[in-house]
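Encoded as structure tokens, here's the structure I'll be asking about.
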Amino acid sequence: MSLVDFVATPKFEEYKERFKQHYKLERREDGVILVQAHTAGGPIQLSVENHRSVGQLFKTIGADPENEVMIFTGTGKDFMMDADPEAYKDGRINVSSLVNDLEIPTIGVLNGPGFHTEICLMCDITICSEDAIIFDLHYDIGSVPGDGIHSCFLELLGVKRGAYALLTGQAIDAQKALEYGMVNEVVPRDRLLERAWKIADHIMTQPRITRRLTTQIIRRPWKKRITDDLDGGFGIQMFAHLAKKKSIHSRNHIASSIAYVKEGKKNNIKS
Amino acid sequence: MSLVDFVATPKFEEYKERFKQHYKLERREDGVILVQAHTAGGPIQLSVENHRSVGQLFKTIGADPENEVMIFTGTGKDFMMDADPEAYKDGRINVSSLVNDLEIPTIGVLNGPGFHTEICLMCDITICSEDAIIFDLHYDIGSVPGDGIHSCFLELLGVKRGAYALLTGQAIDAQKALEYGMVNEVVPRDRLLERAWKIADHIMTQPRITRRLTTQIIRRPWKKRITDDLDGGFGIQMFAHLAKKKSIHSRNHIASSIAYVKEGKKNNIKS
Amino acid sequence: MSLVDFVATPKFEEYKERFKQHYKLERREDGVILVQAHTAGGPIQLSVENHRSVGQLFKTIGADPENEVMIFTGTGKDFMMDADPEAYKDGRINVSSLVNDLEIPTIGVLNGPGFHTEICLMCDITICSEDAIIFDLHYDIGSVPGDGIHSCFLELLGVKRGAYALLTGQAIDAQKALEYGMVNEVVPRDRLLERAWKIADHIMTQPRITRRLTTQIIRRPWKKRITDDLDGGFGIQMFAHLAKKKSIHSRNHIASSIAYVKEGKKNNIKS
Amino acid sequence: MSLVDFVATPKFEEYKERFKQHYKLERREDGVILVQAHTAGGPIQLSVENHRSVGQLFKTIGADPENEVMIFTGTGKDFMMDADPEAYKDGRINVSSLVNDLEIPTIGVLNGPGFHTEICLMCDITICSEDAIIFDLHYDIGSVPGDGIHSCFLELLGVKRGAYALLTGQAIDAQKALEYGMVNEVVPRDRLLERAWKIADHIMTQPRITRRLTTQIIRRPWKKRITDDLDGGFGIQMFAHLAKKKSIHSRNHIASSIAYVKEGKKNNIKS
Amino acid sequence: MSLVDFVATPKFEEYKERFKQHYKLERREDGVILVQAHTAGGPIQLSVENHRSVGQLFKTIGADPENEVMIFTGTGKDFMMDADPEAYKDGRINVSSLVNDLEIPTIGVLNGPGFHTEICLMCDITICSEDAIIFDLHYDIGSVPGDGIHSCFLELLGVKRGAYALLTGQAIDAQKALEYGMVNEVVPRDRLLERAWKIADHIMTQPRITRRLTTQIIRRPWKKRITDDLDGGFGIQMFAHLAKKKSIHSRNHIASSIAYVKEGKKNNIKS
Amino acid sequence: MSLVDFVATPKFEEYKERFKQHYKLERREDGVILVQAHTAGGPIQLSVENHRSVGQLFKTIGADPENEVMIFTGTGKDFMMDADPEAYKDGRINVSSLVNDLEIPTIGVLNGPGFHTEICLMCDITICSEDAIIFDLHYDIGSVPGDGIHSCFLELLGVKRGAYALLTGQAIDAQKALEYGMVNEVVPRDRLLERAWKIADHIMTQPRITRRLTTQIIRRPWKKRITDDLDGGFGIQMFAHLAKKKSIHSRNHIASSIAYVKEGKKNNIKS
């Protein structure tokens, strides 16, 4: 017997409570945990507070050995189409926590249109609703896409499609996302969670060690990608922010910049 | 004149005989060699013996300077849908030999459904029959896909589609494989070899040095991929095998795990 | 105040004149520069002289801080389908200048069929005409595709499609190029420049620092690719050229090698 | 004002208490935190419990924005020369937490001879006592050095010296470690902490953002290294453990395997 | 004969004149060019003007095919120990031009103590005077070492020594630089140029193609390094500059920050 | 029981005979194999025949599962200081076979001065005689160091020392090689083999799986290096050879080019 004890790991009931302002957490007996991000019970509104909470949550879930598969989604009909009231924070922790701190398989469920979709897209498996629209707003609000969205788009779309999407604000709809290989399945919104649970059920058919080690295999490209370009990309993004000396990421600014998405246009190029 | 002689290289007639239990070998006068893998004259049944022979064969073909292009295929209507009676062996040698020991262009001909299709898919050019189905069974038999299939799927499908295929046993049919860029052409089964010879004829229109150096150019991504993730992937796979302490890869286990493919289902997720 | 002066940068009027035999240059007041490559006022005919001028031009444009976005295209109905009278030169400077010496966003406009299309394809954004055909002729003229076209095709197509295209001379038409992710938009030829200016207008909506730093983000994969395989690829290509001891890249040789493209065939494999 | 609150970060007084069985924690007002690892108040004895606590601690320290520089050391005259009573655990979390979860500069203080010194050696700056001896015992206890020590030795020593040290159990003394570039300074043991504080003082002369961003720059090689070879290396190590089917890492086994170090021999090769 | 002419390359007499405020240029008949950087005829004083001229010069020398080997040095007893009156500019062009735009072998001659020594250290071969001192001042003036000095130090010193040198302002003298592998030879100052010419003579013993292709081989690590970390590093550096909102790089600031070097101290840690 | 048999592996007695003109082979009962390369019983004289045999031998030894550790050395007082009568061949197979085809630990024993020492230096462990001198002659015979020696020198020496050694023919003696980390031990010549056997004895103390998997760990940097730069490097070398259109590697040419080594000079720069 050892002279010392294990340091305790986090308990679900405790962190379910602690994170409740940002996430609704549920966990099945078998360890499949469902994370529904929300703002005031509705669709996520980007804020400094919730931006920071993403990494905090993933690190906590990853530190609890009783979690076995994570399903991550938003709330309501949009994934993220608003800001509360404005936001800027180091977003690196979000993608790096998703990729490095969670050893368990992850399923991203994109429940509608949104920006900062990289959290769903960088899960191991991703499904989306039929009305989901994926786009990046950084360039159009005068910012540089360097806080992880670039790692995500360039990895999934390759350099040619990635550059176009990041420069033009291309609004990629669900069918196009499937064709491009950004998502694995397109599912009616009201059946999204049902489908996610089925996928989790399948993953749970195999032993714990198989699940966790398979995750290491399939996630290696993401680990390599963010090691390669996340720190530097974020530095470049912040350099641009500060050099421009103008406010960005404000609620109004975002609203006007993404109007074309709501209008159903394919990109933000004026025709 | 040198004080010493060249060490002899392998002779076709000798190794044709030596490998005949596993491969039917034919070679045209121009050096295009056709390799038809078989078990007892029919479709390949995975065994320790044939698993090991793949690398042995490729190293031998690569050491004979009279070989100029290799066409590799299976036998009958399946590529590999059975085991004899069970198998486990270091599969790294198979993909590493294909990529490193053969300086000549290679054409993979996937003659039907199968697992361990990486040998066909990692040839420089790949064609498949209209009824070919590509899938990985490792996860579903409780194993970790780390013996080369992961290098193959992640390279050809990218991280998003690759993760899904490896976790869900996705049965990728010929048309989808073409759309995904896993194969170059889909051809009726009875015209597969005819087409492969035509492609080889085209390759043979150029001088030997052009053929071999072009091969270095087009194969570089494969060399980089397996250097990056093959040794470690296999270590992870074996770690899982041993840690689970249960028999796998047995004939019955494989049969039950791939039943959904024969039933025409798209993946192994229970709906 | 410093003890020393700035060293002068190039002036548009001067280099517009200097390069006029090879390029028609126009620049808007906002710094968007249009480069129309030509030979004697018509489609580009590959020559040692123009091959070398590409890198010289890009370095000059890159050194002038008044340039903000570059649109690059050919002239007439072909991009490059002829040689004048033959050509061989280190092509590395062309792609390396495009990627390393230009900090500004670049838009490639492929105005018709052609070989050595990598200059358009490796721009940040690429559009092409409806009748554009992309193919590589190196293998079919007995050469090794190693002077940058391999970096381009392997990056955009991946290893499987890239190997096939490089070995078989696959003639990729505009729709297939769009499906494969080699181009971003297909546009009627007579509206190509209009569309390119619109895209440039969109890019110009953001501040200079945003434009230039976003370019660093989206171009990183190209920088990595050419650092990885350009010098070595070119060495391999030249090795093959010299070892074959036969003339290549002559006008007649090229003409006969690309006849199948003009005839509308999909690749150069004899059926 | 946002609709939501920040999720709370860890508080020093709380985690100082929580980790006290494994670490003595002190923090200056300026945020420099001193971590002294111990077992029952004396030198560290490797156990499953403390092996796991390393990553738990680093993640906690990294999550508290009030920490600014970390000094990490052991206790007493040895760094780690004993086991309690035996230990085996996934050590990846230790080095990955050190490198990825701590954004602040780290100073490793190797207070004497030890195995698993990678925790001190992979800090940004490392100093050691005059009697420190660095060696790896994995090979000599029948294990494979793949749990992070290999990332450390191969990064610091290069492939030639690294292979030798890992295969022969080379006992690298303080002067040799300085010559090899494994440590930055050699200091009498009783002045080690004083020197570490001085180095921390120097680092604290610059603003917080300078400290944290400089850390990103200098730590990039470590991030790249462990992304490259940690998961796979650990898989290989575990594969070997399980395949050998014999107990290792037991207290007696370790004691006999490292006897040569205590006897002052340079390596474990019998002369 | 081609329809078009070559675009002219730069002429030595022209650019010798154009750059004379910053560099004294001499060229032997065999094409060995000596570049002596100066400010007002004495040691280099860092200014925006000369910082920018470095890349301009290297690109010009690289574009002139009559240059065969470049010797680069400073003037007088210091390499660079002063600023005129202050400077900040994108330094990426300096190291990227040195590495990418010059195909010819380069010999760096460090003629005394200095900061921003990366220009000499990243030449293919480097010699230094007996009193040369290499150090980085970025951290100590509140900046982040990310404009190329980090690429240089981390490549030459490795992660452990590099981190220490960048964080502590370590003053590396000539003998230590030789021991660390930062320079190839230490030579009395008055014999530096004589030695550089001898080395150039040796390089010139081989044909032009051997010289230029050997340069591609030996410079590959530098090309890879700066592709990997230069753009991102500079972004991070600028992020810090702007975020700190305080003036830096001023003449007085630099003078006080490097006083310890002039006093002969080994680093900037207060003892 | 399987339907098929294993394909036979090579037998020691057979290949001992087959390779005897080039190598004296001995194998202990425990599987440690000693390879002594020779030409007519004396020091190796480089020829096309023996250059090619290196890879053939390593592939054969690697294919025989009864080999457990390989000791590789030359014969007599030189390692390789002569040519018979001249030689040129693709040397890539030598280093790639050493690194990829041998899964067993390798010990290089450099028995005296020589060129093409990469075969000894790229073994996992390397020892050399007190009078060994390591140098590269490629540049000085007008060739480009690209056939593996560059992979070796740049990996072991880093970019700065590597460039100098490759450009100047630096004659690195045993003590300097030890200081530079090119060799692990310097031993009197008459005790070299005795020491090699001792090291092999130590390696043999651990189980087969530990030996082979540890080899995967320690050899990874070599695998990565040659995948990165061997094919391209060789292409560049051959490009230069053919472009120069002059005979090289002749016996007399080599003899005159390495005279300075025999004269005890440090490099080939005329003073």
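First chain written, first letter: the chains are A, B, C, D, E and F, and each begins at residue 1.
Rule of thumb we're sticking to: a contact is a pair of C-beta atoms (placed from the backbone, for glycine too) under 8 Å apart; a residue touches a chain by one contact, two chains touch by 3 or more.
Remember, it's a predicted structure, so these values are computed and weren't measured experimentally.
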Touching chain A and chain C alike are B, E
If chain centres are mean C-alpha positions, then the most distant from chain A is chain F
Residue numbers at the chain A-chain D contact, same meaning over half shared and different meaning under half, come out as same
Given that chain B and chain E share one sequence, their CA atoms superpose after a rotation (degrees, nearest 5) of 180
Of all chains, the one whose CA centroid lies most distant from that of chain C is D
Per the C-alpha means, the centres of chain B and chain C lie apart by a whole-Å value of 36
When centres are defined as mean Cα positions, the distance from chain B to chain D in whole Å is 43
Taking each chain's centre as the mean of its CA atoms, chain A sits from chain F at a distance in Å of 50
Chain A residues touching 2+ other chains are 146, 213, 216, 220, 228-229, 231, 233, 235-237, 239, 243
Contact graph of the chains (line, ring, star, complete, other): other
Chain-chain contacts, ordered by label, are A-B, A-C, A-D, A-E, B-C, B-D, B-F, C-E, C-F, D-E, D-F, E-F
Counting only contacts in the complex, chain C reaches chain A at residues 105, 121, 124-126, 155-156, 181-184, 198-199, 201-203, 205-207, 209-210, 213-214, 216-222
So, in the complex, the side of chain E touching chain D is made of residues 139-140, 142-146, 150, 154, 157-164, 166-168, 180, 229, 233, 236-237, 239-240, 243-244, 268-271
Given the complex, residues on chain F that touch chain C span 146, 228-229, 231-239, 242-243
In the complex, chain C touches chain E at residues 1-9, 18-19, 21-22, 39-40, 45, 47-50, 52-53, 56-57, 59, 63, 84-85, 96, 100-101, 213, 216, 220, 223-224, 227-228, 231, 235
